[in-house]
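First subunit A sits with subunit B, and in the next complex the same chain sits with subunit C.
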Partner chain A sequence: MSGGTSLENANPVIFERSGERLLTATDENEDVHDPIDDREIFDILFLHLIRSINDPEHPLSLEELNVVEQVRVKVNDAESTVGIEFTPTIPHCSMATLIGLSIKVKLLRSLPDRFKIDVHITPGSHASEEAVNKQLADKERVAAALENSSLLEVVNQCLTPRDI
Partner chain B sequence: MKEALTRVQTLSAHPDSRCWFVSWNPTGTLLASCGGDKAIRIWGREGDSWVCRSVLQDGHQRTVRKVAWSPCGNYLASASFDATTCIWKKKNHEFESFDVLEGHENEVKCVAWAPSGNLLATCSRDKSVWVWEVDEEDEYECVTVVNSHTQDVKHIVWHPTRELLASASYDNNVCVYAEEDDDWECRATLTGHTSTVWSLAFDAAGERLASCSDDRTVKIWRETPGDSGQGDSSWKCVCTLSGYHGRTVYDVSWCRLTGALATACGDDAVRVFTEDEASDPEQPAFSLAAQATRAHSQDVNCVAWSPTEAGLLASCSDDGDVTVWRFHREP
Partner chain C sequence: MAADSTLLLSLVEEFVSGLQDSKAKDTATGVKDGKFTVLQLVEALGQSLTSSQSHTRARGVQLLSEVLQECYGSLTETEVEVLIAFYENRLKDHYVITPPVLRGLGALTKCTVLPPGSAVSMLRSLFQDVHVQSLMLAERACVYNMLINLMATREAELKGLGADFVFGFVQSMDGERDPRNLLLAFQIAKNIVLRGYDLGKFAEELFEVTSCYFPIDFSPPPNDPHGITKEELIQMLRDVLTGTPRFAEFLLPLIIEKLDSDVQSSKLDSLQTLTAAVSQYEHKDLAEFLEGLWASLRREVFQTASEKIESAGLAALTALTSCLSRSVLNSDSEDYLSTFLDLVLKDCKHHLSEPDLKLVWPSAKLLQAACSASNRASYIITAAVMPSLIDQYNSRAQANITGEESVFLAFRPSLCCMVFSALTETNASLQITASSVLTSLAQQRGLLLDSDINLAVDHLTRLVLTENDAEVSLAVVECAGALAALHPAAFITKLIPRLKKEMFSEPMDHDNERTVSERHSYHAVRQRCLSALAAVSSQPSSVGFSVVEVVLACRSLQRIAEQVQDTEETGRCFHDIIIPRLLSLALQAALQGEGSPGHRSPLVEEAVLSAMVPVISTSCSRLQPTLAGQTALRAVSLFLNGDVSFLPDNSFPSHIQLLKKQRGDSWSQSQMVCLLMGCVCSLPRSVEVPQIEELLSELEEMSCACSHPLSYTSAAKCFAGLVNKRPQGDSLDSQIQSSVKRVCRELDSASASVRTQAFTFMIWVAKALLLRYHPLFTTLTDKLFSLLDDADLGPMAADGFTLLMSDSADILNRSCHADVRIMYRQRFFSENSDKLVQGFNAAPQEKKPNYLKALSNIVNTLPKQVQVTELPKLLSLLLEALSCPDQGVQLSTLSCLQPVIMDPPPVLVQQLEALVSRLLALTSSPAMVLPFRARVLRALARPLDDRKRLVRSEAVKARGQWFLLGSPGGS
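The block that comes next holds the complex of A and B.
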């Protein structure tokens, strides 16, 4: 999905991936109620999902490009809400909507149906922040986009884990 | 006075899919639902419960976003993401695909019949509103394409008695159209919402229009006639219901029988508002009369009051269900 011969962001800053979290005794105790919290989001979403989402332009994961950081993931299990802010690599990144859509699709597929998933651009990090946010929040347009087989293919490609 | 919203029945209408919209036939005997499974289901009453009478499949290649009954009740129109609108004709107790209206560039978001039954309007993500004329031979001809919105048009609704059409858009505005010299023109643009306007509903007399939005408010607009009775009319926002809805308000329905206003919200709730009897028509006040906070397990997409049975309300949700409610007012 480079979309052309020249890359928009030819030399991205690459960030180190974070390590795996160690399981504690209570995590493995099935009798203890384990609500989905920020840490769970870090474990499930961040390590296993967002890390596997690839930047449409680079063979790097969103985490390596610092597009998604753990501090920008907010979850409230009791209210069934998940909010994620992502930071496009450059303020004019034309892939912002596609990256946001990929994050949204991955969360929609992975979390229980009760969750309300809000995906936003980190404030101040993109020139068309408001327009991209509005499009990602419009579930009717998201639903229509996902019925578009060529777009869905691109999204699925972004969501296919690479060997790391 | 005590008011309550009680659940009559929940129907698993579009399982494993999303139910986008429900519509009552003019006599209130049938309810049509549509959804992401590309199907339309017709529900009828059997004693105290609602049962599926027919399933209309193979009409559309993609999601069926909305459905609308003709004023005579013999036709059903369905708007689909496949860019077409299907007209279904009732034959005995079955429905047959009768005509397919093509022309929109992409997703058709809404379809609505004029009260006369001679006109049909459709709107689309292609930013346009189309008006179709139905002649005596049941043939449909597009008479106007209006491009007054700058974005995706979400909803259209006809005035209850006059040939006046209103549309709601992703551009945050509402437009009101009327015919002039065989052409449909935008007569008024209602600005005030700060995000997508998802739906509209006229009151029984057609003097007021309710709009609901992604900005989590409902606005009530009132028409103030133009000086000469011709030309541009103006619609003024006379009331804003804010602070009640936790997320996007996807639909609003204004009961023609009782005047109660129902809303469908992304926070899973169905709410009913009633107008304070003593309030000034120029500055009406509405209060929350009843709500079902967990009406559905996911977003509520649509609410529709029965046209014939006061207080009977249908809602549908992303969870695929249709629920029938009864709104009681006990003195």
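The block that comes next holds the complex of A and C.
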């Protein structure tokens, strides 16, 4: 290895990318109300975030690492709730909090105010799952984290779209 | 009698030769009962006492001694004298006789009738003839008891022995091993030390002979009948060792040495002894051992094995520090307290900055211990430690998203106590530091209790009212300001009423008898009250103390003027006191400024005058009609006629002409016209301003002729304010017409500055007329539009529209009772928008921006609903404005367009291409769009919830990008 530091997860399992959402006729029909569904949330994350989170360890996007899967996105448009489970690549992934925070921020910016957003780690997939979940659920801590300009910078970098 | 003597002889015989010890008792009873005297007994003993057998002699002496023990109380002085001589003599006899002799002497020392000098001679013989330590236990005890008895009754005589007594005692107890006797010996040593016996050169010997037992290691045998405990011994010995500062030089090294011991109990004893010792010592006793003591104490606390030792160590440190703080320093000795605390701080302070490490707690405890010793110590330590602690606390509070319990919580009582006592000190720098510490404490959320805050407020109030030192009062005011923002309730209920009372009560009994200094101090107090009021009644963001105190005073006056009840009394207060005083102060400063331009009073500064204006205008606008009339009369007569009679401190020259052009174009007097403006322009409309014609013409003259910006602008504004309120009629019309003519004439002038002045005058008059829908306004509007084409005044004219359309803060608003008709903006817009468009189309290319700017200025002040309906007509013009290079124009245009774009009318849709391309051009510069970020983000929140997914998806993209704009890590 040429770099001085060793990777935490040198050999990740890579998953296939899912295809784009197919445009249907109803999508163009002005009279039909499209509810916000799981796939839409997933696409928000997928198109704007997961693909672009620049994991310093891998040139791969988080989707290819299966950090967020569509089955783990739960949306209830009527009750205005969104629940996301994300799966860190390895149980000791040090990026877990950052990934969670980025997902949370992205959704806060991309969803109407009425939504209550719950981001947590897929149960059993991370060593300090409870601590990370607690941090992500605490509104004030998230707000305070975003007032820290260096942290905000990292999050914003994650949220900056890359030209793929 | 004969029978008695026979009986006595037989008793003696049976005791001495027959060895029947019980006979001693019988004999004693006989003596007590008066059957025979002691003298008779001695006679009867004659044989045995002179026997050649030492054992017989001993027996004889023993009988005598035992009898004496029973009945020493009934002896006469002569008998005692004889007996003592006898016994002293016997001490030289064979050693077997010594024990009964000692017992006899012991009995005699209890006699109340001991003849003078006998105690001394007894001790001399004793020390000379007896080697105490070769005696048996009981005899040694007897010696000690003798000493104790004599010390109790014959202290003066023993002191006469001088150091010999100490030496004798040292020799007698040297080598004593029995704990019972030790207790007695320690008792004697303690008496020697505490009652001021002369130690002479034997101090070290006495110390040696006692300190060899330190630290006491004694475990009583099981079932010890004497009940002597280790604690008793320790306490007795400690009393001896710590009893006098003369032992310091021996005791302190010993303690340092014993602290090195591994035995826990000896460490503990050493620490406790040290604590007890330093309470007697002075700094000079400690000086040379400070370093060693600190090293040992630090080690004990840092590496402590038991809680007891740690707390003993801390107690010792506290005692040590308080000893050092207590000492009176000579002029040539160094301050050992600060030397010592420097040592402490050097070793402890850096640990505090590493809160995760083990040593932080011991360090904190040590500092706290030293801190609690004395006020001075706590001052030194907190001054050194507090800033870094607070920094650290703040930085940690940031690092942890959740707030943690204040680290100072445990120290709150001592901190508060320290701060408050420091505030009551007379030392200025101490007070300043204390107030800054108080500020810091208050900023720790949840740290101070309400009672603390109340106490703090009391202290601050007292300081504001009494403290004459400028720096201290500044610090106090600053502290009050900071605290008030955090704990408003306490300040509202306590400080503010008190200060108000101070400020308002004084003027009532104001009389001319006061001396200058009293008056000065009164002013100073009031000044401080004002600044304190200003500080506490403002949000901390708005008041930095960089602005001049006078401005603060004015602001707080203004606040008072705004908030007081509208009563006759307050009105009178302002009318009688505040307004005249302000005018007087300003006038005084202006006249002084005339004489010596070098040191101008702050009162001639524009900032101060501008701050005074709202005070005057606010109060005038609320005056009762009669008072308002009087005020108007006074102000006008002051400015027009130089009538200074109503001003306090009446020492003004009689020829003041404030509105006339001054010699050498000096502006310090002419600028005072702004105060006139504040006064006459804010009076209720019902109040008639006297001499108005003359006043107006003077103002017109000034605004056209005086070249000082504040003066001519204020004159113009004052003119405008008066014109706005003048009743409709011919006199008004002719006044306006003549003014307009004058303006036109001036505008034709060649001088740029004259034209600027004329323009200023015109725009204010125009505003005054616009507000009241005066028909002559159109003349001025036309003039204004024509000026848009003017090469020099064009941009100014365009900006003038903002002034026309927006509310002005000081005059021509409703709170100044100005004549403001509703919807004057819409009316102006609908009457003039066409003119503007025509003007734009007709204007040459380089003048077009002026029109655009004017347009966007007008549109921007219109209510939103009007904008939305009116905009389509002007859309092409506004789009044009977007490409105007002036940033201000772009900004105001964009804010006009924004609501329209949110709800696009059909016209806009047609113009979409032009709009988008212009917007895109603008977005190329982030600085340009940054001001809209928040608004755009808000606006884009709505389409996020659109019913169509495609719309939402685009909104998400757009909003995401806008979020990144200008944000760290974004673009």
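Just so we're on the same page, the second predicted complex is superposed on the first by the 145 of 164 C-alpha atoms of A that agree within 3 Å, B and C clash if a C-alpha of one lies under 4 Å from a C-alpha of the other, contacts with A are read in each partner's own complex, and residues count from 1 in each chain.
Assume a contact is a pair of C-beta atoms (placed from the backbone, for glycine too) under 8 Å apart; a residue touches a chain by one contact, two chains touch by 3 or more.
Predicted model, so just to flag it, every value in this text is computed and none were measured.
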item	value
When both partners are placed on the shared chain, which of subunit B and subunit C touches more of subunit A	C
Which superposed partner A:111 touches (first subunit B, second subunit C, both, neither)	second
Subunit B versus subunit C as contact partner of A:134, first or second or both or neither	first
Which of subunit B and subunit C A:145 touches, first, second, both or neither	second
Partner chain in contact with A:154 - subunit B first, subunit C second, else both or neither	second
Overlapping contact positions on subunit A, where the subunit C interface meets the subunit B interface	113-114, 138, 140-141, 144
Touching residues (chain side subunit B, partner subunit A) in the complex	18, 36, 62-63, 65, 81, 106-107, 109, 125, 152, 154, 170, 195-196, 214, 247-248, 266, 297-299, 318-319
Residue numbers on subunit C that touch subunit A, as the complex places them	398, 401-402, 941, 944-945, 947-950, 952-953, 956-957, 959-960, 963-964, 967-971
Complex contacts: residues of subunit A adjacent to subunit B	113-114, 116, 134, 137-141, 143-144, 147
Subunit A residues touching subunit C - in the complex, by the definition given at the top	27-28, 30, 33-34, 36, 40, 43-44, 48, 106, 109-114, 135, 138, 140-141, 144-145, 148-150, 152-157, 159-161
